[in-house]
Amino acid sequence: MTALKAILSYMHDFAATTHAVWLREVLRMLRDSGQIVGAFSRPVLWVMIFGIGLTPYFRTGLRETTFMVPFTYIQFILPAVVVLNLMYPAIQSAVSLIWDREFGFSREVFASPTPRSAIFLGKLAGGTTIAMAQGLLVMILLPAANVPVSYTSLFAALLPMVAVALAFTAIGLLLASRMSSFQGFGVFANTLILPAFFLASSIFPLDPSLSMEQALQSFPAWLVFLVHANPVTYAIDELRWAMLGYRQFDPVTARAVLSAFVVIPIALAYHAFRR
Amino acid sequence: MRSAAERVQRLFRRIGRSGLLIIAGIIMLLVVRELPPESSLAQVREGGALTVCVPPSLPPLLTPRSGSDQYQGSEAELVRSIAVEIDVSVQWNPQPGWGDTIDPSDWGMRPSACQLVVGGIVASEETRTLMELVPYRTAEWGIAGDPGAGPTGLYLPFWGIDRGQAARWIRDQGYEQRFLFGAKEARDALQRGEVSAILSLGPVARWLAGDRQVNTVQGLSAETLAFATWKGRTTINREVRRIVPSP
Amino acid sequence: MDSAAVIEVSDLRHSYSSVEALRGVSFSVPKGSFFALLGPNGAGKTTLVHALCTLLRPSGGNVSVAGLDVRRAPRAVRRSLGLVFQEASLDDRLTVFENLIFHARIYQVPRRDRRRRAWEVLALVELEQWANAPVSDLSRGMKRRLEIGRAMLHEPTLVVLDEPTTGLDVQSRRRIWEYLERLQKDHGVTLLLTTHQISEAEGADWVAIIDQGRLQALDHPAKLRQGIGGKLINLQIGDDAFRQALSNRFPGKCKQRDSVIQIEAEDPEALLRELVADEQQWRMVDSLEVVDPSLEDVFINLTGRELRDRTANLSR
């Protein structure tokens, strides 16, 4: 009887800690004006300015582009912008780990009787929540791209979004566990985010329905390889499938890669977190 | 008076600067998304005319009026009602290459020629990927005449229709199939008895039948007829979609 | 020493790579007492405190807090500890109240008690009006007060404070002293304080002096002061020669700093009478004071020089 009670009380404490850490992450982000401005300006910049600006250069007539991507450019990149607005806050949220270390708050947390894993889970959940909120913001612009919004498509979009949010929060936590300075983390994060984003069939489509030879006619081999090797490519593909009903990569591969992309960083980050 | 100001002030303090930023941000997104992403509708209004690409003739949907460049027919009427709503006239641009080949990009139709594309367009994977569709009605498959006595004709001048599926159905019924081209030719063939029946979509089948009977085909599911705008022309598309009731 | 000990340290040792920080320290802290740990930097104070707080695993020896072994039940030990460390550990972006609730949650304060306790500690440190203010609005002294309140939030048996008043102005320091006193007297909390400001330790029940990884002395402050014996005479004398002469007259009992010479005297009156008798000598004395030896003196005594026939009360 007492063993059961002990387990229950442990679970209760675990949940309370996870909640406390999660809430703190969310509150901190809500009070960070810089983050908020970035969260709103990014979709406007990428969708309304970049997307609209380049749309005339893509499919307008019946045979204006070589690739048969059956969407306008702005429709094509909208899921990619969602992922962009997931990646940035997810990685940035991990900077709180360095902040805590610098300004002593980590002592408050680590000297407490809480289990370490609860702290990790709370930070992971916090970063994911913040990222999801920002990702969903981009959805507000769906009508501007003439993408039909339906409850089913929004619901289907949630799963790949959560996967991306989790994966990048974990990657951020992994980085932050190993870095001690803000600048180092910032540089690393930014160096990571944009290439991962650009090389994901996000803003220029890499049509895998073409054979390697055909693809290589337009793109260099290293680029094609990197796009195929980049897990974000598959995440954006899944999201495009959910939002537009269009996909370029095989669903089985995409889902397998995405699952691994979630599980592996979380495992590595947890390991690094335990120090 | 003062207590209202105090309450507002207290509300602001509770929300905080970040709260205000979030609210402002959401409002901004909502406003920005209403910005026209392009100027197709504006061009229509400015030019005073709704330009429409159409096949030379597709009775009873689009029949050219002899001696003028106007069209009649069920789709023509709908186009006119759209133009009236936008408060512009209609400029018909018949596309002589329409339907000539399987690949629409060979028909010679360019986006610069029109803002609206109309002409028995069936909503399908092909047309959805090439154009932005605005469905306006559903149409059942119909057989005009009495099949069985002789070969059954197929008259399917519809962009996006699955001819293979229709041909398969005819063969499955045990009829002999024959593809027909040209509205007049098809009707004449039925008159002369060269074919005992013609398979087509609802309104066209009825036009072909004249006073003969038309039976709905159960084995083939109904198609959706639509108007089309070029991809990327969101403003004209939204406007047409607003005016035309969805089926 | 009393039987009810909140902390029992026995032969505690710890080394960092090649450096021996603690070389076998033993003592116990009685319940409800105010226990001060004095020592210069690098003496092993911090290591000792970290071992107590389970932030460090000692290389050897045993530590138990509230009857719990720090190695075997670290979480339970932490639950019974309240910590106030030198560097602030508050979240600037959250409000005072949010910081407290966070603490309550991670210290497993039952949900129904959290808000109530938060208000109680705010009242204790007189910060109720600041409950919804962001912590960044608070001054350093107020932040420290908040941390003390926060340390009490989960009703710990022992509050450990590591140099709590460093960097604070005199007024804040005094206020914090009031709170700590109130904590100990009204709430029966045991206080363990480390400091190198000796004046802070004057009011303690027990003072332990640590130097070079060893416990050099442990006793009531009064007894430690008495251990020096007699009183101290501070003479301000400008003339170097005279000072030197005095130093030679009382070998081993004099200390000099700038123009002040301090003489330990078992019988200060006798010494003064001697001085006053010689008018020439007397004129060279600019100022004079007779003081009781302070803990500072005890400290310098113990750590600046070798222990001679002073009985240092080692624990138990």
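All chains are identified by letter, namely A, B and C, in their written order; residue positions are counted from 1 within each chain.
The rule we apply is simple: a residue touches a chain if its C-beta (ideal position, glycine included) is under 8 Å from a C-beta of that chain, and two chains touch if they have at least 3 such contacts.
Here the structure is a predicted model, which is why all the values come from computation and not from measurement.
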Busiest interface, counted in C-beta pairs: A-B
Per-chain Cα centre nearest the global Cα centre, belonging to chain: A
Most remote chain, CA-based centroid, reference being chain B: C
Interchain centroid distance [CA atoms averaged], chain A/chain B, Å: 39
Chain A and chain C: spacing of chain centres that average the CA atoms, whole Å: 50
Whole-Å gap between the CA centroids of chain B and chain C: 86
For chain C, residues that touch 2 or more chains besides their own: none
Of all residues in chain A, the ones touching two or more other chains: 31-32
Residues of chain B whose C-beta touches two or more other chains: none
Chain A residues touching chain C - in the complex, by the definition given at the top: 13, 16-17, 19-21, 23-24, 27-28, 31-32, 103-115
In the complex with chain A, residue positions of chain B that touch it: 16-19, 21-22, 25-26, 28-30, 32-35, 37-38, 104-105, 107, 109-111, 128-130, 132, 230-232, 234, 237-238
Residues of chain C that touch chain A when the two form their complex: 53-55, 75-76, 78-79, 81, 83, 85, 87-94, 98, 101-103, 105-108, 111
Interfacial residue positions of chain A with respect to chain B in the complex: 30-33, 36-37, 39-40, 43-44, 48, 52, 55-56, 58-63, 68, 70-74, 137, 140-146
